[in-house]
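Per-chain numbering from 1; labels A, B, C and D assigned in written order.
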Amino acid sequence: MSEVVKSRPGAERDQGREIVKAYRTMLAARVLEEKLAALYRGGKIKGGVFLGRGQEALSVAVGQNLRPGDIFAPLIRDQAGRMAFGDTILDTLRTYLGSSLGSMRGRDGNIHRGRPREGYYAMISHLGAMIPVVTGGLLARRLQGQSGVVGATCIGDGGTSTGAFHEGLNAAAVEKLPLVVVVANNQYAYSTPNSRQFACADLLDKAIGYGVTGHKVDGTSLADCLRVIGVAITAARAGGGPQLIVGDLLRLVGHGEHDDASYVDPTLRRKPVGQDCIELAGAYIIQQGWASAEQLANWREELETEVDATAGRVMREPEPDPADEDWSALSTRELEDHFA
Amino acid sequence: MSEVVKSRPGAERDQGREIVKAYRTMLAARVLEEKLAALYRGGKIKGGVFLGRGQEALSVAVGQNLRPGDIFAPLIRDQAGRMAFGDTILDTLRTYLGSSLGSMRGRDGNIHRGRPREGYYAMISHLGAMIPVVTGGLLARRLQGQSGVVGATCIGDGGTSTGAFHEGLNAAAVEKLPLVVVVANNQYAYSTPNSRQFACADLLDKAIGYGVTGHKVDGTSLADCLRVIGVAITAARAGGGPQLIVGDLLRLVGHGEHDDASYVDPTLRRKPVGQDCIELAGAYIIQQGWASAEQLANWREELETEVDATAGRVMREPEPDPADEDWSALSTRELEDHFA
Amino acid sequence: MSITYLEAIREAQAKALADDPRVFIYGQDVGTFGGAFKATKNLAKEFPGRVIDSPISEDAIVGMAIGAAIEGARPIVEMQFADFSTVGFNQIVNQAATLYYRTGVSCPIVVRLPSGGTAGSGPFHSQSMEAIYAHYPGLVVLTPATVEDAYSMLLEAIAIEDPVIFCEHKFLYYHLKAESLPAEAQPIGKARIARPGRDLTIVTYGAMVHESLAAAEEIAADGFEIEVVDLRSIKPLDTDTVLASVARTGRLLCVGEAWPWGGVCAEVIARVTAEGFGLLDAPPMRLNAKDTPVPYHPALWGTHRPTASAVAASARQLLEI
Amino acid sequence: MSITYLEAIREAQAKALADDPRVFIYGQDVGTFGGAFKATKNLAKEFPGRVIDSPISEDAIVGMAIGAAIEGARPIVEMQFADFSTVGFNQIVNQAATLYYRTGVSCPIVVRLPSGGTAGSGPFHSQSMEAIYAHYPGLVVLTPATVEDAYSMLLEAIAIEDPVIFCEHKFLYYHLKAESLPAEAQPIGKARIARPGRDLTIVTYGAMVHESLAAAEEIAADGFEIEVVDLRSIKPLDTDTVLASVARTGRLLCVGEAWPWGGVCAEVIARVTAEGFGLLDAPPMRLNAKDTPVPYHPALWGTHRPTASAVAASARQLLEI
């Protein structure tokens, strides 16, 4: 498919711009997550911290290929994709640190954030559960007469074992909705290796059983991710029905920051799948002459400054005050139940 | 594979015996179900009646290929398979009519019957739910050191859309357990045609996504059903892991006896898939000279007499008496809760 | 003209589809077939493309309704039986019920649950799950007992911005008839005095309203006047109307078809005794189904569930204290 | 030696595996990794082949446990968090809970639910689902509040022929310590007087036992003696012990960490007022979590759940009536 891209005049320049843009988003995610890890170690974050180190290329490629008006339901390790879709350093920090000014107002935290009315759905913890939700969002858009809209969501290798994954993808396939499901096959679900999670030779083998198009992508290669996910999203947008993408990569960090990932097979780290997508992307950018090593270092430094400053600002923001809460789970206040 | 069978000396005679045996079980199921339908129309059965007309060949092939000590969890339309596995005309009638002497003692009815301790699991209504249960039964057998045991269960085309189907089959595949899942692809789930149920070209396409062996069978051909399911069960028994069998056929009756199946595409009835497996099997038996048309008619007559007599007997049996019930859902009586 | 409880449900959906372009229906066999109980009969034809057959995937059905609601639609989903909503349970209680609290975006879905026992339906086609859903914050749980309420409360449910669990009772589907559909109705959240009385209050809902009314009628022959309160909505629960009734009668019997532990009866008694302890002249009492799965055989089922005569016996016992 | 609540759970499983060859453990990451909370630490090594990692498939996990139980095994399944048991809900309430009643074959499975709130865990890692499971006939629901009970009740749970929902409280995992493991224990189904008193009875369970004990201690300074009843098992619920306590004190406060509607508190109040109405000198009272999802931020969470000071405030209020 890369031929298609290269055949346009200026395509190579476009590709460079696209890759550099994605790289800077990946870097922002990486730098921000490093800060989150530091804040976690410093006891500043009360709940867990779950990072996407090693998965930035796959994730950013989803967010960057989507358009405003599309739907995106990211998962645990999608800091890069979230930012490409419009999430900010500020709101991420606010949510992790529980600022009352964050989108979740301290009611939910960390990765459980979003702005559903802007197409940016807020995941619940239950794996697989966002797949039918995005499917339903797309169904509503179709009923409203909208076309050309895509809904994307991410899931892990482990998440493919859930009934929700199965029911949601199947229902989307029956309706031929423009759903794009991106599987980050990072070899483990918490401590559980793929060999204990599924028995198919490749997760891509699932595509045919749902009657959807499957795409394989090297999750360590930013260029490959941008290209393949671009193709998939374009196909969905054009009416090709659901697309299943499987990206192979390795989680380069613990399941959460409490976890040392000692169960990871060390040989995997030395295999191609174990490479760091950011390092590879940086080297590629330098090699292609799209930016210099100094520029890359500058970008990182700028991001570190911004992240540090934002974290400082957020830490001075007010905590949610229980007395200000109206403690209602219903938007229709008259229907609230009252307990003596 | 039929060559394998035929290459043994006397194989053809064996096959004849096997087919005739299966045919007689199918016939028993058919005659019994005709009686159930009549009883339903006569208002003698309080709940619903769900018949397997047209699915007897596929179903009987499962029951007949299993051995004592195996596990079988039949579904809605498996009267034939149940009888091949050891269920009786008597207990079927007792359960439908709610006799207190039936295996379910009036507590559950119709198709929700079994004798779990004898490997004959009693389905709950929730479709797909028996798949993990059989899988767990097989896991326990393995932990107990038993080998050479098979667990079979049936499901409809519609049931493949459930999360339970997905989770159960996947878990069985991970454990490489001898689970045999037989999909009776009867083209409809209640009124819902396959086109609204799944989008894969063939349900068999699901096998590869679970990493299990798939088998296709003509559900209208008894010989094909016995052979293919025999092969699958043998493979599972030999350690080949889960087997997924898809049998194509048509439900020749309403979803339940309340339903006239007016939604069924009439052209399907004229296609090969719409043939009646019992008629085909009877004709085949006559053609092969394994029995005469008179014998077939005699068998039916004998069965009708037996079924009528048994129904008469069961209708004179005592109903469950609420006063005799101890109304406990726990086997540990001391742990019962007491409500004032 | 005469209209059944089931027809009222169909009519409410027809009206909602006609009046509000955001409304659509999703569920197994709801399309051309019109649903297992025919609650959506002809709707697919009358409203092309808006009454959609789903696969057998309750988790996806509810999940999709939630996504559609986020995008501004008003989905009504039909479970074929309430009992199968256990498969969509996670989406209902963890996704739909939490969405507004977490994100500030409301989740206007209606989940229709054909509920409750009928003769010969057995353990998996008879359940009453209202207490399960009422336990969760973020859900509105309705239990209409009349043709009028089936109609007006379903219409109101569709209009509500929050997720509604609509427990329609299968036992009433064909039995219950009304002359016409109501033009106006009591708002959701208000209980109804189904029969006024002064000697004892029966608080109940769903099919048990009718068993309780029959019991009240029976006992009236003895000279006792029983007041029957139909809760209509079990979450929110109209404690005020219940308290006012108990203030009049001094005696409280709660009747529920569901299992006792933590059910509507327990909740009502907890409220009345906490807020109206001094109003009671006798201990509150409850009558529920027996604490076993719902049996198949009608003879067992008739003992498992409270019937008019069981309600009358409990009421007589309470009147004697 | 000192042993935590969490270690007691590990030790009970180790003992069960050692003593009974029918026992095995199935769940996510329970094998070599030892579980998300390390409740199965080293067990896979000590008992090869009997501590088995599952896929992320709660429905299959529970379903498989049921099948294994039918075949004579004694499965213990671990949910990574109680909150995820919603995905295995159907198998628990419709398959496990009905098996014995329907077929006469018992279903000895234990479902371990790491339950309850801890700071910063948010809406989906904090839930208390005991009332949901207790509503269903056919399940035993346990809520150990001490290290000793965590150990002995889990051992007993594994021995019981019926399905047990074992609600272990995450807040107690590391906090709570005991000197040693008990050799003997009260049987399941019996509540425990955690602190004797004469002025007011607090009935509670799980982590709230400790908040209530702290409240009782605080109020003791005012000269009031509060009796704290730890239910231990919420189904069956030991009404007799509760009634005997209320007979001594005349006042009842129920404290639960779960949501109020139809929770343990409602059930306890319904029983006490029905069976011991005359024992009460004041209206019964309950204190529960607020009726919203469990919030993430510790400042909100601390208000959402009952704390010692909230319990003390409620108790003081009730003492003044």
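Structure notes:
Going forward, a residue touches a chain if its C-beta (ideal position, glycine included) is under 8 Å from a C-beta of that chain, and two chains touch if they have at least 3 such contacts.
Just so you know, these numbers come straight off a predicted model, no measurement behind them.
Seen from the C-alpha centroid of chain C, the farthest chain centroid is that of A.
Note on chain placement: the centre of chain B and the centre of chain C lie 36 Å apart, centres being C-alpha means. Inter-chain spacing, taken between the CA centroids of chain A and chain C, is 41 Å. Here the spacing of chain C and chain D, counted between their Cα centres, is 30 Å.
Residue numbers of chain C whose C-beta contacts span two or more other chains: 54-55, 57, 59, 83, 86-87, 90, 94, 97-98, 101-102, 123-124, 137-138, 235, 237, 261, 274-275, 285-286, 290-293. Multi-chain contact residues of chain B (touching two or more other chains) are listed as 104, 107-108, 112, 124-126, 161-164, 167, 170-171, 174, 196-198, 328-329, 336-337, 339-340. Taken chain by chain, the contacts link every pair, so each chain touches all the others.
Against chain D, the residues of chain A that register as touching in their complex are 45-48, 98, 104, 106-110, 112, 124-127, 158-159, 161-164, 189-192, 196-198, 263, 319-322, 325, 327-329, 336-337, 339-340.
Considering their complex, residues 28-29, 31-33, 36, 53-57, 59, 81, 83-84, 86-87, 119-125, 260-261, 285-286, 288, 290-293, 295-300, 302-304 of chain C touch chain B.
Across the complex, chain B meets chain D through its residues 71, 103-105, 107-108, 112, 114-117, 121-122, 124-126, 129, 131-141, 143-144, 163-164, 167-168, 170-171, 174, 328-332, 334-340.
For chain A in complex with chain B, the residues that touch the partner chain are 161-167, 170-171, 173-174, 176, 195-201, 205-212, 241. Residues 24, 49-50, 52, 54-55, 57-73, 75, 90-91, 94-95, 97-106, 137-138, 140, 160-162, 188-189, 235-237, 239, 271, 274-275 of chain C touch chain A in their complex.
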